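In order of appearance the chains are A, B and C, and numbering begins at 1 in each one.
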Amino acid sequence: MDIIAGIAATLLDQLQKPTLAFLIGGMLLASLGSKFEVPEPVYKFIVILLLLKVGLGAGISVREAELSELVLPALLAAGVGIGIVVLGAVTLAKLRGVSQTDGLATAGLFGAVSASTLAAGMAVLDDEGIAYEGFIGALYPFMDVAALVTAIVLARLAMARRTTPVGGGTMALGGGQAPRLDKGLLRGILVDTLRSPAISALLVGLAIGLFADPASVYGSFYEPLFRGLLSVLMLIMGIEAWSRLSELRRVAHAYVAYGLLAPLVHGALGFGAGVIAHHMTGFSEGGIVLLAVMAASSSDISGPPTMRGALPEANPSAYVGTSTGLGTPVAILSIPLWIALAAQVVGGGA
Amino acid sequence: MDIIAGIAATLLDQLQKPTLAFLIGGMLLASLGSKFEVPEPVYKFIVILLLLKVGLGAGISVREAELSELVLPALLAAGVGIGIVVLGAVTLAKLRGVSQTDGLATAGLFGAVSASTLAAGMAVLDDEGIAYEGFIGALYPFMDVAALVTAIVLARLAMARRTTPVGGGTMALGGGQAPRLDKGLLRGILVDTLRSPAISALLVGLAIGLFADPASVYGSFYEPLFRGLLSVLMLIMGIEAWSRLSELRRVAHAYVAYGLLAPLVHGALGFGAGVIAHHMTGFSEGGIVLLAVMAASSSDISGPPTMRGALPEANPSAYVGTSTGLGTPVAILSIPLWIALAAQVVGGGA
Amino acid sequence: MDIIAGIAATLLDQLQKPTLAFLIGGMLLASLGSKFEVPEPVYKFIVILLLLKVGLGAGISVREAELSELVLPALLAAGVGIGIVVLGAVTLAKLRGVSQTDGLATAGLFGAVSASTLAAGMAVLDDEGIAYEGFIGALYPFMDVAALVTAIVLARLAMARRTTPVGGGTMALGGGQAPRLDKGLLRGILVDTLRSPAISALLVGLAIGLFADPASVYGSFYEPLFRGLLSVLMLIMGIEAWSRLSELRRVAHAYVAYGLLAPLVHGALGFGAGVIAHHMTGFSEGGIVLLAVMAASSSDISGPPTMRGALPEANPSAYVGTSTGLGTPVAILSIPLWIALAAQVVGGGA
C-alpha cells in the first residue's frame, strides 16, 4: 500500500509541474472552444529546435561515451519498437471494426517515438534532478525507424497475401509478389523514414554533435530555449489532442480502448527493457524512465506523413486520431508514473 | 513650472528609451516606404508569448496576493472600461459624420486593452526601477471584457431601438426585440470575448500560474525573451500604425481628434482610478501608471476581430484606423507622461 | 611552407567549428534528399533579427567611435563594392555564353553583401577571441549599395547603348537616352535599394543604436540569440545552396568557374583594402578579416529581388544560382582562410 500511496503522491505532485500543466491548459483551451492557436510555421520551428537540441545533446554525449554502453540500449530500443508493432498486429488489427491495414498503421505510430513526449520526459527528469545518459536521444531513431518499417512491411505483406491468389503458403514471403516487396520496399521505407523531417533533424544534430564542437551554442541557445519552447509545444499538443478526439467518433470503439491502454502497456515494455539494461550495463534510473516514455509515446510529427505516403489505403482518422488524440496525452501524463515506478524498482524508494 | 519642466525632461528622456525608440523606428520605416516587414505568423507568436508572460506573471502573483487587494483594482478596471465606452457614446457617437454604430465600435476598442502597450508600460517601469503589483496583468481582462461587452450591447440596443417601430419608450429594454437581445446576446458576447485568442492566452497563462508552478520556466524563458520580443513588436506596431493612418483619410475628421485626445483623457480616467486605489488600499505608484496605460491603450489584437464578428455593420476603416493608427502610438508615447505624473502626485517629486 | 601548413591547420580546425559545421550539415541534408525544411516566415524572421543585431551593434559603436575612424573604412568598402562589379564587367560579362546583362546582375550580387556570411564571420572571430571594430556593421550598406547601384547603372547604360542607333559615341553618356537614365535612374535605384527589407532592417537598427540607448535589450536579447539563430540560418543556407546548384546546369559553365573563384578574388580585394586601412588608421586584424568576408560574400537576401525589379531582362537562374549555390558557401567556408592570412600578415604568426 505504501508503494501505491507513494506513486499516487508523486503523480499528484507532477500534474502541477509546468510541463504537464501546459498540456492540460491546452486541452482546457480547446475544450472551452478558444480560438487560441499557434501559427503552423512557428509550431514546426519549435519542433525542429527540440529535435536539433535532442540530436546535438546526444551527439555530444555519444562522442564521450564508450560505444559498448550504447549498443545494448540501442538494440533494446529497436526491439521494443518492433515488439510494439507485432503486439498491435496480433491484438488491435484483429479487433472488430479495425481493418488490418488501419490497425498496423496505428500500431506503427504507437511504436514510433514522439519527440515532444521524449522532450517532456527529459524536462521532468531535469526538474526532479534525476540523471540520465546524455546519449538517450540517439536511441530515438532506433525505436522510431524499427517500428515504422515493421508496420509498413507487415501491412504490405498482408496486402500482397490478400491479392496473391492461392497456394501462397503460410508465409507470404514464399508467395507471388513477396520477394519484390522485400528488397526494394524495405530499402525504400528505410530511406523515406530517414529522410523524414523529424528523423533528419535529429540525425543532422547528432552528426554535428559527433563531428563538430557545438557545445557552446548548445549551452547558450538550444538548452536554455528548450524548456520554454517545450511549454509552448505542450499547449499546442493539448489543443491538438482535444480537437483530434472528435475524429475518433467516426471510427471503431476498439481504437479508443487501444489509445488509452496501449501507452501504458508499451511504456511497461520499455520500462522492462530499461531494467534489463540497468542490470546488465548499469543503465541509469533516468534512462529507464526515458526508455519507458519513448515506448509509451506515439509519433506525432514524422509518423503520420510517413504512413500516409507508405500506406495510402489506411484511414488517417483512425491512426492520427488514436495517436494524437489519445496516445500522446496519455503518454505525457503518464511520465510521472514511470518516474515513481523507477524510484520503487531501481532507486529503492519514493 | 517646476512640475511641467520635470515632466518635460522625463518625457524627452523617455523617448530615447528603447521601447519607444523601436516604435518610432517602425513609424519612420513605414513613412520612408521601406519594404521591411515581420511575417504574420511570427507577429502572432510574439503576441502569444507576451500574453502568456503577462498571464503567467499575474497568476504567480495572484497566488501570493491577498484576494482582497485584488478586488478593488479589478472593480475599478472594469469601471474604467465601461466609463470609457459610455463617454464615447455621449461624445464621439454624436459627432458629425460618425454613425452611432461606428462610434460605439471605436469607443469599444479604446476601452479595451492593448497587450503590447501594457507590456511596453511594464518594460519602461522595469527600466526605471519603479515597482508595481505583480497581479496587474490579471486586471487586463476586467477592463477589456467590460469595455467590449458594453460597446457591443449599446450598439445592438441602439440598432434594435431604430428598427423597433413606435412607442418603444425611452429605454429599448422595454421595447420589442430588446429582451431577446439582453439575455442571449450578453452571454454570447461574453463567451466570444473570453474565447478570443488574446484573452484565452492571457487566461490560460493566469490559470497555469495559479494552479501549477511555472516559476522556473517563467524566469528562464518568458521573462528574458519578453524585452527583446517587445522591441520587435514595437517596430511592427510602428509600421502598422503608420500604414493605418491612411485609412483615416476616408472617414470623418472627428476620428482624428478622438484618436489623438481620447488616449490622454482615458489615461487620466485610469490614473484617477489608480490614485483612488492608492489611497484606499495602498495600490503602488507603478500600479497607478499601468492602470493609466491600460486605460489609455486601445485594443489591437482581440478587439478588431471581436468587433467585426459582433458588429458587422460598423466600418473597420473607422475603428481600426483610429485605434491602431492613432490610439496605440499616442498611448505608447504617453507612457512617460503617466510616470512623470505619478512621480509628482504620489511619489512626491520627479 | 610553414605559413601554408599553418593556414591548412587553421582551416581544418575551423571546419569543425559549429558555424561552418551547420552549413555543411545543411548541404549534407539536401544532398541526401532530406525533407527537412525551416518554414519561410521563420527564416525571414531570423534574418531580420540578425540584421537588427548587426545594425544595433554598429549604431551603439558608431556613437562611441570617432567619425574620422569610420570614414576611411567606409570609403574603402564602397570602393571594393564598385571594384568587384567593374571587375565582373570586364571578365564574366565577356565570357562565352554569358549575356552582358546576366553577367552584370551576377557581378552585382557578388559585390553586394550577405548578412548571414558577415554574421558567420563575426561569430567565428568571437569564438577565436579576435577583436574587431564594433562599427563594422555600419560598413555593410556602403559596400552593398555601391555594388548594386553600379551593376544596375552599368547594365542599363549597356542596354541603352545597344538600343541607341548609330553615332552614339564611345560613351553612352553622350548618346540618345543616356542623360535620362542617369539622373532619375540613379535616384530610383538608390531609393529602392535603401528601402529593401535587408538594408532597412540594418539602417533602422543603426538609427536606434545611434539615437536611443538600446544597450540593455541588445545585451539581453539580440546578442545571446544571435549565435543560436545563426546556427539555424547556416543549416538553411546549406540546404538552399545545394538545391540551387542544380539551376547552374541550365546556364553556361563560365558561371561555375566564377562562383567558385570570385569569392576568393573578391575576398583578397577586401583583405587588401583592410590592410591599407590597418596601416593608415590602425584598423584591427578582425576588421581586416570582416572586410574580406564582406567582399567575398554575395547578396542572398536583398540582392536578388532588387535585381529582379531593376533588371527584369536578366536570368535569375544564372545570378541566383551562381551566388546562392556557389558564392555563399564558398565565401562562408573561406572565412578561416582570411583569419589565417590575417594572422600571418598582421598578427605576425599563426
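To be clear about the criterion, contacts are C-beta pairs under 8 Å (C-beta built on N, C-alpha and C of every residue); 3 or more make two chains touch, one makes a residue touch a chain.
Here the structure is a predicted model, which is why all the values come from computation and not from measurement.
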Rotation in the CA alignment of chain B with chain C, degrees, nearest 5: 120
Copies chain A and chain C touch via same or different residues, half shared test: different
Whole-Å separation of chain centres (CA-atom averages), chain A against chain C: 43
Multi-partner residues of chain B (at least 2 other chains): 39-42, 225
Chain A residues touching chain B - in the complex, by the definition given at the top: 16-18, 20-22, 25-26, 28-29, 32-42, 127, 224-225, 227-229, 231-232, 235
Chain A partner contacts - residues on chain B that touch it in the complex: 39-42, 44-45, 48-49, 52, 191, 195-197, 200-201, 204, 207-208, 211-214, 216-217, 220-222, 225
